[in-house]
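Same chain, two partners: chain A is paired with chain B first, then with chain C.
Then we have the complex of A and B:
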């Protein structure tokens, strides 16, 4: 028998009020907008430092533009391959050739709060891919490299099919990434 | 099995199955409010005289066949789909009647996407779960027992420009109805019967072990595996003289299709799509060759699930060690394939199926970009894919 916690019961009661539901939706949207901007900054920082990303990106055509986000009305970010790294062009959909978007706020929340991995979310039909599936696989591989450098081991073990492990030189790269993430975040948010 | 936290199962089409089921097609069209069918098939099906059976079903009916499009290539392609879409509009048809193997069925799905998305090129509509407009009605009549495309939301279409196979998947892609008539697959040659049957076996097994496995798809998958274990050798050996085996395999392929349409497929299909795209190995054959090697790759993560397939495959469970059981399952699959090799000369290695060793790195590179890998229980990188390919070579 499924037992609800007191917190869950309280949340269910609160959702009966339309005002609460609107506030909840707004809060999720704000959180996801921030999470996506952070990911945008992470794309810039990690692709500038990681050898694995460099190898992946060497197969990409210059100027490939892709978007991440949530349907039906955002938030979104658009990114582009420039040289050997990826830069964030900005928020919103800016003519991407490929977009990987979640079907709704709740599905996106599961992934951007690290409750669920990208692969599991896709396997559960929570995401929509618009564009070349092969290119989507390439983006997802880069996304997984980024998560490998940024997220703690216990989350990686929970969310990855094969938990990645970092070597000693990769930990040094990780440090460099954390340092370079600060200016990227400042640039992204301000 | 461990219960999943979340899953969906969707299999909306009506299924009409039995001897002379073809005769129901006009009344099914009537029920759908359709009058003019575009038959989508290939030259092999026409040469085998199977379209005559379909045409005979329309005698004296209110509805009619406007045109028979027999240009579906061995691997359905974006160019064939675009051409078919143009003809469909030109003949003012209102229903696709797809008669053939996976290629004909997927060509019809591709054309249907082009028309319903108001495009003129299938390449503009690539993606997954991205088709929102309703598609035109489709009645699927499979002539091979393997693809399961008659009940799936997937279409695999060859991109002639990039030389890769594209996977389309969306709920709107389910055919409206599937008609299984054993006489439509009675004359399939032994080697193709075996290869397509192994395709169905691969669908069931991958659905059973994948990330999105669930109790409903498991039931379809196990039932399909039991039928395949019982009938595949008989259907290959006896051909048209064993209609029970033919009908059994047709049902198995359909149930395997229903299973994988929800749970999806994994590494075997990614590698097989790449073998098809790079070396033009027939899909079912590539699946059959790669299946045991890919199961060995997945053993560390899903030995328990693989082991549970021992009994449906017809071998006895011995002991309780999941790894040992899983190895017995893989042995049973290899035994089955060796029997088929004895009956019809079905190749057991990639090198015997027209793959040259120097192409393996390219096959692996194409495979790691195949969307099916998203559903495989274990991560698959380039080196992993290459290792499995080398083992199967």
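Then we have the complex of A and C:
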């Protein structure tokens, strides 16, 4: 007989208790809130250093405000295009013209634990786009570039249909991004 | 195929299939404007703890489960349906979720009729018109087609007979196929469900009024069964993909078959189930090759069109048309651990007459398509 894994069985049994279920929901929310803040910081760091992002953002109108998050009650972050880079406005929905929100915590967890790529998740309708579809695709393209610079190769090969390969100058950019990510993270979290 | 001069096809069920699909249920329910669900679950499924997965999905959302009703794995009766309908009203729910197999689905459909009727009495007509609460289905067995048919069978204790009702509102608005929920299906049940799906698909194609949509679903179902049955049978091997493929095949077969909901094999399998208690999947598996032979001459060209779905490298059926289907069916029967004849399944010859009578009472029986003589011939051949 096909069987569930031991981990799956344990999780199913634990969810019998309402306290566990509430704790699990809370834990997912806390993790996603942190992951989204990290992404917010990554948006700032990568768009400031990457040539590809600069090209993408040159097409965007100034002040485009968009949000990323999870239905039904968050967490969310709101970001905005300012000059040649993207700036994180803060957590929550701050009047975005466009939002890309996951339908549930589990779908968001799959993406923010790098189990699945954001392009695949949106293709599978795991996220809802509210606003202009074309603009949403532009945001997703930037998100892909950010993933390329942030994540190690073995994850990229798993998550991308055609995994991007970085050139030597791009690795230098990557290094610069990691260094500049530290102050961005400090600013975002504290 | 030749496009019919006129056809209609209605299947409002939204299908969500794949990893963590259960987590999507509350979000989609919200889109239908429902907020509080009554969950009807079969007792043995309840024991597996799968209800905990559903409860977690609701805890993650803003919707909630009003009440969980665990029912014994017995035939759905009017009394049982009343109990669920009363609980639905008392717990202030606005939709129903069936978690389990065909019986959970029938229980939910029956309760929905009583809730819609408001009087607690069944409508006098088989085909009725009234608004029913929304139904959502989470199959934990492959449940061939139950969520996507507009039909329900209910045993009326007062009249001591099965009653059948039809309404498009009985079709589930949402069907969630989460791979975690079908993993506990035993190998023999998996084959039975798959063969049932195959039989329904073949009958849907042999239907005189077949339309292109039916053909698409039937072909997809056949293709999935042919390709995945062997892998899903391998004991101990974690072939989740094959398992999920068969679950999807069952659903597609149901959509294809529900277009006309009539067929010699389906009606005879239902008759065998009513009289002897034989699982319809096992009955379909035994009846399929014989039923196919009886109708292949008449509907050979239609079957020929679906033959492509049957050919599979694994089963090395290289012939074309009807011959390819015949070869594939033989190959599938070869790998199936199910009995090949009715007597091997414990049916005694004296029961066949009663079965033939019961077939006439099933909703799948259609005098203009086949008659009681055909049923008798099929039973005799399969015995």
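Just so we're on the same page, the second predicted complex is superposed on the first by the 188 of 190 C-alpha atoms of A that agree within 3 Å, B and C clash if a C-alpha of one lies under 4 Å from a C-alpha of the other, contacts with A are read in each partner's own complex, and residues count from 1 in each chain.
Methods note: contacts are C-beta pairs under 8 Å (C-beta built on N, C-alpha and C of every residue); 3 or more make two chains touch, one makes a residue touch a chain.
All figures in this text were calculated on a predicted structure; none of them were measured in a lab.
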Once chain A from each complex is brought into register, does chain C clash with chain B or fit beside it?
clash
Just to be sure I read the superposition right, which of the two partners does A:162 touch: chain B = first, chain C = second, or both, or neither?
first
Using the touch definition from the top, say if A:138 reaches chain B (first), chain C (second), both or neither.
first
Going by the contact rule set out at the top, does A:124 touch chain B (first), chain C (second), both, or neither?
both
With both complexes superposed on chain A, which partner does A:187 reach: first (chain B), second (chain C), both or neither?
neither
Taking the superposition on A as described, I'd like to know which of chain B and chain C A:84 touches: first, second, both or neither.
neither
According to the stated criteria, A:51 is in contact with first (chain B), second (chain C), both, or neither; which is it?
neither
Footprint overlap on chain A, comparing chain B with chain C:
103, 124
Per the contact definition, I'd like the list of chain A residues that touch chain C in the complex.
1-4, 8, 12-13, 15-16, 18, 21-22, 24-25, 28, 71-73, 103-107, 110, 124, 126
Which part of chain C faces chain A closely enough to touch in the complex?
18-20, 23-24, 26-27, 30, 48-50, 52-53, 55-57, 59-62, 180, 183-187, 232, 235-240, 243
Under the definition above, what is the set of chain A residues touching chain B in their complex?
103, 119-120, 122-125, 127-138, 140-141, 160-162
Over in the complex, which chain B residues touch chain A? Could you list them?
6-8, 126-130, 164, 166-167, 210-212, 264, 301, 368-371, 373-379
